[in-house]
Each structure stands twice: as C-alpha cells, then as structure tokens.
Amino acid sequence: MIWLHHVAKLYDTGPVALPALTDVSFSVDKGEFVVLSGPSGAGKTTLLRLLYRDERPSEGEIEVAGFDLVTLRRSRIPLLRRSIGIVFQDAKLLAGRTVFENVAFVLRVLGTPRGEITPRAFQALKAVGLSARAQAYPAQLSQGEAQRASLARAIVKAPALLLADEPTGNLDEDMAAEILELIKEIWTRGTTVLLATHRGALAAQLKRRTLTLRAGRLVKDEG
Amino acid sequence: MFSFLVGEAVRDLRRAGRVGLSAVLLITLSLAALGAFWLVSINLERAVTQWRERLRVVAYLRDEPRPEAVAELVRKVQAVGGIQRVRYVSKGEALESLKRALGAQSSVVDQLPRNPLPASVEVTPDEATATPEGTRELVQRLTALREVEEVQGGAEWVESLAQWRRLFQLTGLAVGAVLALAAILTVTTATTLVLHARRDEMEIMRLVGATERVIRLPLLLQGMVQGLLGALIALGGLEAAHALLAPRLEPLLTLTLGLSRAAFLSAPEMLLLLGGGAGLGALGGVLAKGRSFA
Amino acid sequence: MFSFLVGEAVRDLRRAGRVGLSAVLLITLSLAALGAFWLVSINLERAVTQWRERLRVVAYLRDEPRPEAVAELVRKVQAVGGIQRVRYVSKGEALESLKRALGAQSSVVDQLPRNPLPASVEVTPDEATATPEGTRELVQRLTALREVEEVQGGAEWVESLAQWRRLFQLTGLAVGAVLALAAILTVTTATTLVLHARRDEMEIMRLVGATERVIRLPLLLQGMVQGLLGALIALGGLEAAHALLAPRLEPLLTLTLGLSRAAFLSAPEMLLLLGGGAGLGALGGVLAKGRSFA
Amino acid sequence: MIWLHHVAKLYDTGPVALPALTDVSFSVDKGEFVVLSGPSGAGKTTLLRLLYRDERPSEGEIEVAGFDLVTLRRSRIPLLRRSIGIVFQDAKLLAGRTVFENVAFVLRVLGTPRGEITPRAFQALKAVGLSARAQAYPAQLSQGEAQRASLARAIVKAPALLLADEPTGNLDEDMAAEILELIKEIWTRGTTVLLATHRGALAAQLKRRTLTLRAGRLVKDEG
C-alpha cells in the first residue's frame, strides 16, 4: 500500500535549507495498522504530506495505493486523494460550511448518488459523536470537536488508506480512547491505517508496529 | 454534478457579497460607457455618410449652354470620372438660391439690372473620390474642361471632414481600449476577491480529492453571471437614456450633424454587447489568481 | 510609532500585490476620465463665454443718421438697458461686409445702381440678458425705439446656445456622478481586498492588544497612497495627451468652437485633482469593510 | 486578579442556543497558579475567551486585572489585553510575518523602545527553544513549534496574567515537561497563571489548585 525508498525532504527556506526528512525507507502492506511516532518537529506531518502528494520528495521514490508519486501527473492527484482518508493535525475544515456539509462535500466530489449522501454523512458524524453539532460551523466548534469532524470527513468515504495525524491531540483521555477504538474498527473492516503521534505512551499502548522518527530519520521500526 | 457546480457558483456569488455587487456595478459602468461610445460612433458614422453624400464641387461655366446642350454637357462632365452625380444649375436657378440665402436682405437681388451669376454644374464625388486628394484631382480634371471657367469648393471641406473622422477614430480606439482594460481589470479584481475568500477552501478541496474542474468551473460561472448581469443593466440603462434623451437631442442633431434621428443599437449589436459582457466576465473568472496575495 | 504605521501601510500595499496594481490603474482610469471631462468642460466654458461675447442683436434703422447724430443715437440705444456694447454700422460698412460675405460672387455688389442696405446698430447684450427671454425682451425694447425699423437676430441663436449648454451641463453632471461612483467603488473594492487579506491578522492584532488606530490607520494610508498614485498617473497621462493632441486639434477648435488654443488645467486645479485622488483613496480605505465576506 | 460571579455563556446558534457555561463563580488571587481542567467541549476555551473579553458573558459579572469586563468600553479593551499574555489553543500566529516578527509585534504595539525589542524577542524565543526557527513563517512550522511560538509571544511582555489554553497539546512528553517548567518559572517571578488542559493526568501532575469544568459547569475546585 505504501512504499518509500531512500526518501529525503528538504524545505527550501532561503539561505538554510532544512532537512525535514533524511533517507527514509519503509513499506506498509495492505491492511496493516502502523503507528508513526516521534517528538515535535521530527517530521511526521511532513512524511504524511509526502504520502498524499501535498509535497514532493527532494530525493527517493514513493508509491502509494498503486500510484508512483514521483511521476504522478497533477491532473491525476485527485484520483490518488480519493482513495485516501486524511485526518489533518489542524482539522482543515471548510470555514463557510457546516460540519454536515463538510462531511457531505467529500461524497459530492466523489459523485456519490444523491440519496446516499445524507445518511452516510450522518452515520460518520454519529460514529465520532458529533451528530448533535452537525449544523454548527467550524468556528463554533471546540478544538476537540473540530478534530472529530475532520475524522468523520476522513472515514465517510470508507477509504483504502487512512492517514491520521495526531487524531487525538485535542481530545481528553476518554474521548481519545473512543476515537482510537473507532479507528481500530475501521481498520478491522480492511482499511490500512497510518497514525502519527508524538505521544510515546499512546504509541506504546496501541501495541502495533511503530515507526519512530527523530530529527527526520527513521530510527526504529518494531512491533 | 451539474447542480453541484451551479450551487458552488451561487455560493461564490453570495460570498462576493457587497464586493460582488460593486463588481457588477463596475462592469455595468464599463459596458455602459463602451455601449454609449458605440452608439455615438454609429450615429457619427451615419452623419459622416450623409456629409459625404452632401459633398459638392461646383464648376462655374463660361457661358450658359442652350437648353438642348445641357444633357450633352452633363455627360461630358460625368466622363471625367470619380463622379457620383451631376446637377446642372442655370443662371436663373443660381439667382433664386442667392435670393433665398440672403433672406432679409434679398431686396438687393431685385434691384440688379441683369443676372450677374454664371451657370454651373454641381458635382457629387463618388465614395472613393470623397477624400482630400481625390477631390483635388477631381477639381483639376474639371478645370481642364473647355466649358468650365472656375471650379470651387470641396477640397478644404473634405479635408476638415477627413480630419474629424481621423480624430474620431483615434478617440474611439483610445476610449475603447481604455474601457476594455478597465472592464477586464474590474472583473479580474472581483473574481480575485472571490478567489481569495475561497483560497483556503480551494486548498482544502484539493486535499480531499476535488478535481480542478470542480474547483474552477464555478468561478468561471460566477464571473460569467457577473458579466452578463452587468451587460444587461448597462443595456437597460442605455435604452432608457436613449429613450429619454433622443427626442430632446434630435433638433440639435438636425442642426449640427444633419441627422434627423438618433439610432439605437440593432438587435445583433445588443446581443454582441451581452455576449461580450458574459465573455469578459468568464475571462476575468479564468484569469484571476488568488496567488497574488503574500 | 509613526514609522511603525508607515511600515504597516507599505506591507498592506505589498500585500495587495497585483490587485493593488489593478486598483491603482482603475483609479487612474477613473480620474483620467474625470480630468478629461473637466478639461473639455473648461474649454467648452471658454467657448461659451466667447460665444456669448459674440452674441449680437441687429437693429436696422429707418434712415441713416447724420454723422454728428450717431453718438446721440448710440446713447439712446444704450439707455434701453441690458446692453453691454453698441456698435453703429453705416450703409457703406454694411455693403462692404456683404461684399466680403459673398466672396466669389461679390461682383453682384459692384453692379448695384445704389446701396440698398440700411444702416444699423449692432447690440451686444450683457451677461444677464444673454438668455432667450432676456434677448426677446431686449428685441422688444429696441423695436419700440422711433429710429428703429426692424430688429433681427439673437433669440434663436441664444436659444440653441442655451440648449447646448443645458445639454452639456446635464451630460457633465451625469458623467461626473457615474465616474465618481466608479472611482469610489474601485477604491473600496481594492481596500476591501487588502482588508480581507488582512482580516485574520486584524483579529489576531486585536487579541494581542493592538488599538484600532494601529490597525486602521495603515489601511487609510495605503488607500491614500493608491489614490494619490492614481491621480499622479492620470494627471501625467492627461498632460501627455494634451501636449500631443492640442496642436493637432487647434485648427479644428478654431473652426468649430472659435477657440484659438486648448487650455490645460491650472495649477490649483491640478492640486485639486491630486487632493481629490488622495481623499478618495483615503475614503475607500475607511469605508471598506472586511466583514462583507461570509 | 480574576473574579467571576454567576457567569453563564450561551452561544446564539439559530434555533438551539447552547449553554457553553452555566453559573460559574470563582476567583483567582494575584500570584496564584490555577489549572482549568475538563473534557473536550467542557467550555475551557470559552471561559478563557470571556476573561480576555473576546466574548461577553450572557449573565453574571467578571473582573480581570482591575477591569470590570461587563461595563468595559470597546476602546479600552486593548488596555486589558496588554496586561494579559495569551497562549491560544490554535497558536493564532500572524501568517505574513516570521516567528521573530510575531513576537516583536507585541512589543511594538506596546510602544517598547526600539533598542529593547530585538533582544527581548530573542530571549523569549530562546526560552521556548525556537531561536533556530526565528526567521521561519508560521506555515513552515510544525504544530508543536507553532504552539511554542505562541507561548513566546505571550510571555515576551512579562504580563501580569498568563492565560494558557492547552499549551502542551501539540508537544511530545519531553517538550511538554520543559514548557511546563518554563511556565512555572514565569509564575515564580510573579505572573498569575491560568492553564487550561483536557489532560487529567497533566492536571494531577502539576499539583496545583484545579478547577474542573464538565458540560459548562464548575464541578470541582480543589488543591
């Protein structure tokens, strides 16, 4: 499902080009549940952005869901992204639309039949415990609620691959446990999951294969 | 999918809000000005055509020909070329028109012992000859005729007419270019606004797998709607202004340009204006770049 | 603090980027059009003044007065009121000017057995009387004089002149209003753009304790700079156009309006245009509301 | 320093007006260190927003740093905010300015003498471990870095009151511990601190007076 070969990423920021990732290679099989761990600034979000082709690697090769991301044409990027569900660390909700419309939007973009959209969107909101706030606008949500809305949007299309960037960062312990349960459930239904977190304890508690980044290098791959 | 795109376009229009309204108004102003210029241009063209029709060169004759020789003379004059029409004016007719021209002082004519005015032929140059050079050559050719004593008129009047037309064409081109620029700038600005209000959204849309078509088409549509709306209001305003002003202006027009009525745009011309508005709006919608903001 | 505010204004200008440029261009166009209209207006006013100067009412006299009685007659005519100047035209002078007017056909005059033209006084109405009604009354008062046989001229010509001026004033008001509207819309739109690009920032600035003055003043400044820049370019463009076109136009102006040269804006008028541009820009900067976006 | 008397906050969201806070009363003395704890959506951020007058209470009275927030005139809000340092849950950095400029901006707004601005801003960035990223723009920061920049901006003016909304939410354990140390240090120098967090463990670990919110009600005030 995911395959990286000697990937490096340098951000071009004027005089000093910072290496955000250096020589990263690993692969994730279809149906795996992998945790991406590492301290703040280690490069977790950068790695995920490479996977959904928001950034291109400075070096190396990447393949995701059958797409070769180095040679992928711009016009075909939407195709790649449609097979991936993404929970953004900062939620990234459409500000002018309600929570419900945010979730339904993904289905409309995919050309889902009209009749299916509303029930499926509500089902996803119910799964993350947000059906009561469906008509709220993003600015009216607490940070935890925004994160759950982002998760609902990611899972509503039942993607082949789920990339979750710190999906419990803004949630209290109880809510975090619930959300992790939910992600596990989605995984058991066949979705490949890559979950990034800076909380070592959380990574340990999940008892799954864990990739550990430190200053842009993959220092551990175990479990 | 179509209803989705239209829905997004409507959302964009709403999003533009008060500024969208400004945009439509600015487009209206631009197109109204363009339309007004066009209208004036059409009417001036008509006047120019009429003036050219009225352009005369008068050849005074040495002697008044005998009535039966007039037809022969006219044929001879016609033969010099570049002539549309020839009219023979006898000595008597010349005196009559002088009397009319003198008006209050026409008593002068009645006291003349004999008619001092020569007979003449009034020559209307054809379209190709109604230029300063053409007329000058025509005058030369007419002067060369044995029957002609002196040739008058034409050249300077045509010169001045041609100068007016040149000036008019220049002004027209300048005004047209400036207004077209203003209109395009306006639509682009308005669409950039919408785009900017939408920039974060577009980024997120791309991230969740929306294609460029889904993202861009509504922008084009809202630009087109703005342009069309502007064109419609402009056309309405022009019609109203024409209906209101034309009756008041017509006496003046007759006096100065010799036009009996002020024409309005024809149906195809109106359609062209509307189509131009929509096209301009769509162009603005496509040209706008949200990226221009730091 | 001042350098800080100016720095923020410059940042706002940069932020507006390509759209700010469009805004300046649109302001330029608006002000250039306004300026051009003003220029035409100034020259038309001059022409109108000249025309009014030239407006004449001619009173034909029953008999030619003896030379020593002319002064007395002129005083008498002057006494009817509403008169700026009176000029006596003798029978001989009248024939001379007829001869000049006839041009090629002046030989007619030489063949007259005696001078059929009457002596007359040419009356120039004063400013207050140079209206259709004023002239009509003047004609009546002149006709009432014992020495006067018939009074001609004035009324219709003034009527038509007044009509032209009315039309001109109407057009001027309409064009001026429309362009002012367009200019204000443009600046407001441009500033709204800047404001929108800045909206999140303004929110955050408020949250960290920036006063409204620190937040709003740079906006006003950048609007003013845009307006001033637009006005400067417009003025430059107008000067260039005037320098380029005036020499070519002057023969035509002389022919049609009787003006020997096309005047440009005076220094205070130019300052007014610049000040107007800056003021307009500042107004746009203050009026703009970022809130109009949903 | 802070005094609330029967405060309630209802957000006006169309047909259903949600009570985000109900009948909250408490006070915090000058120099105290108080933790505000509660699950996601409990109303922590809402409570903080009332304290810096970003929102007005629907009912009740509030006094902060000597200002009566119910009667405070709009033009005097900046005065209130200048005496408060705020770490926003979502960082809220000025996107068009570098990290350094973001921090310096606060000092410039306060009219700090030119010569003092640069050294003080750099000192604050050093304290949160961000001096190396001083010239980066917010979009170039990891979430943890953004949160630290927000903290640097809050402390640079040495405020009388520090409101910190989940200041360690995007940080790994080590970094979080460091930041908490830093906040404690600021507190020992005389700043009153109110720290909101949804992590019960963190609240317990701090061993400070803890106010606990649940569904908008103050259910506990102990320690």
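So that you can tell them apart, the chains are marked A, B, C and D in the order they are listed, and the count of residues begins at 1 in each.
The working rule: a contact is a pair of C-beta atoms (placed from the backbone, for glycine too) under 8 Å apart; a residue touches a chain by one contact, two chains touch by 3 or more.
No experiment lies behind these values; they were computed from the predicted model shown.
J.: Could you work out which chain's C-alpha centre is the most distant one from the centre of chain D?
T.: B
J.: Rounded to a whole Å, what is the gap between the Cα centroids of chain A and chain B?
T.: Roughly 63 Å, centre to centre.
J.: As a quick test, compute the distance in whole Å between the mean CA positions of chain A and chain C.
T.: Centres of chain A and chain C (C-alpha means) sit 68 Å apart.
J.: Report the inter-centroid distance (CA atoms only) between chain B and chain C in whole Å.
T.: 24
J.: Provide the list of chain B residues touching at least two other chains, using ranges where the numbers run on.
T.: Within chain B, residues 15, 294 contact more than one other chain.
J.: When you check chain D against every other chain, which residues touch at least two of them?
T.: If we look for residues of chain D contacting two or more partner chains, we find 96.
J.: Given which chains touch which, is the overall layout a line, a ring, a star, complete, or other?
T.: Shape of the chain contacts: a ring, since each chain touches exactly two and the loop closes.
J.: Can you list every touching chain pair?
T.: Here the touching pairs of chains are A-B, A-D, B-C, C-D.
J.: Sort out for me which residues of chain A touch chain D in the complex.
T.: Per the touch definition, chain A meets chain D at residues 11, 13-14, 38-41, 45, 89-90, 135-136, 140, 142-145, 166, 169-175, 198-201.
J.: Can you list the residues on chain D that touch chain C in the complex?
T.: 52, 54, 75, 77-82, 84, 86, 88, 92-96, 105-106, 108-111, 153
J.: Contact residues on chain B for chain A in the complex?
T.: Going through chain B, the ones touching chain A are 1, 4, 11, 15, 200-201, 204-212, 214.
J.: Using the touch definition from the top, list the residues of chain B that touch chain C in their complex.
T.: Going through chain B, the ones touching chain C are 14-15, 17-19, 22-23, 25-26, 29, 32-33, 98, 104-105, 107-108, 111-114, 116-117, 150, 152, 160, 163-164, 167, 178, 181-182, 185-186, 188-190, 192-193, 196-197, 248-249, 251-252, 255, 289, 292-294.
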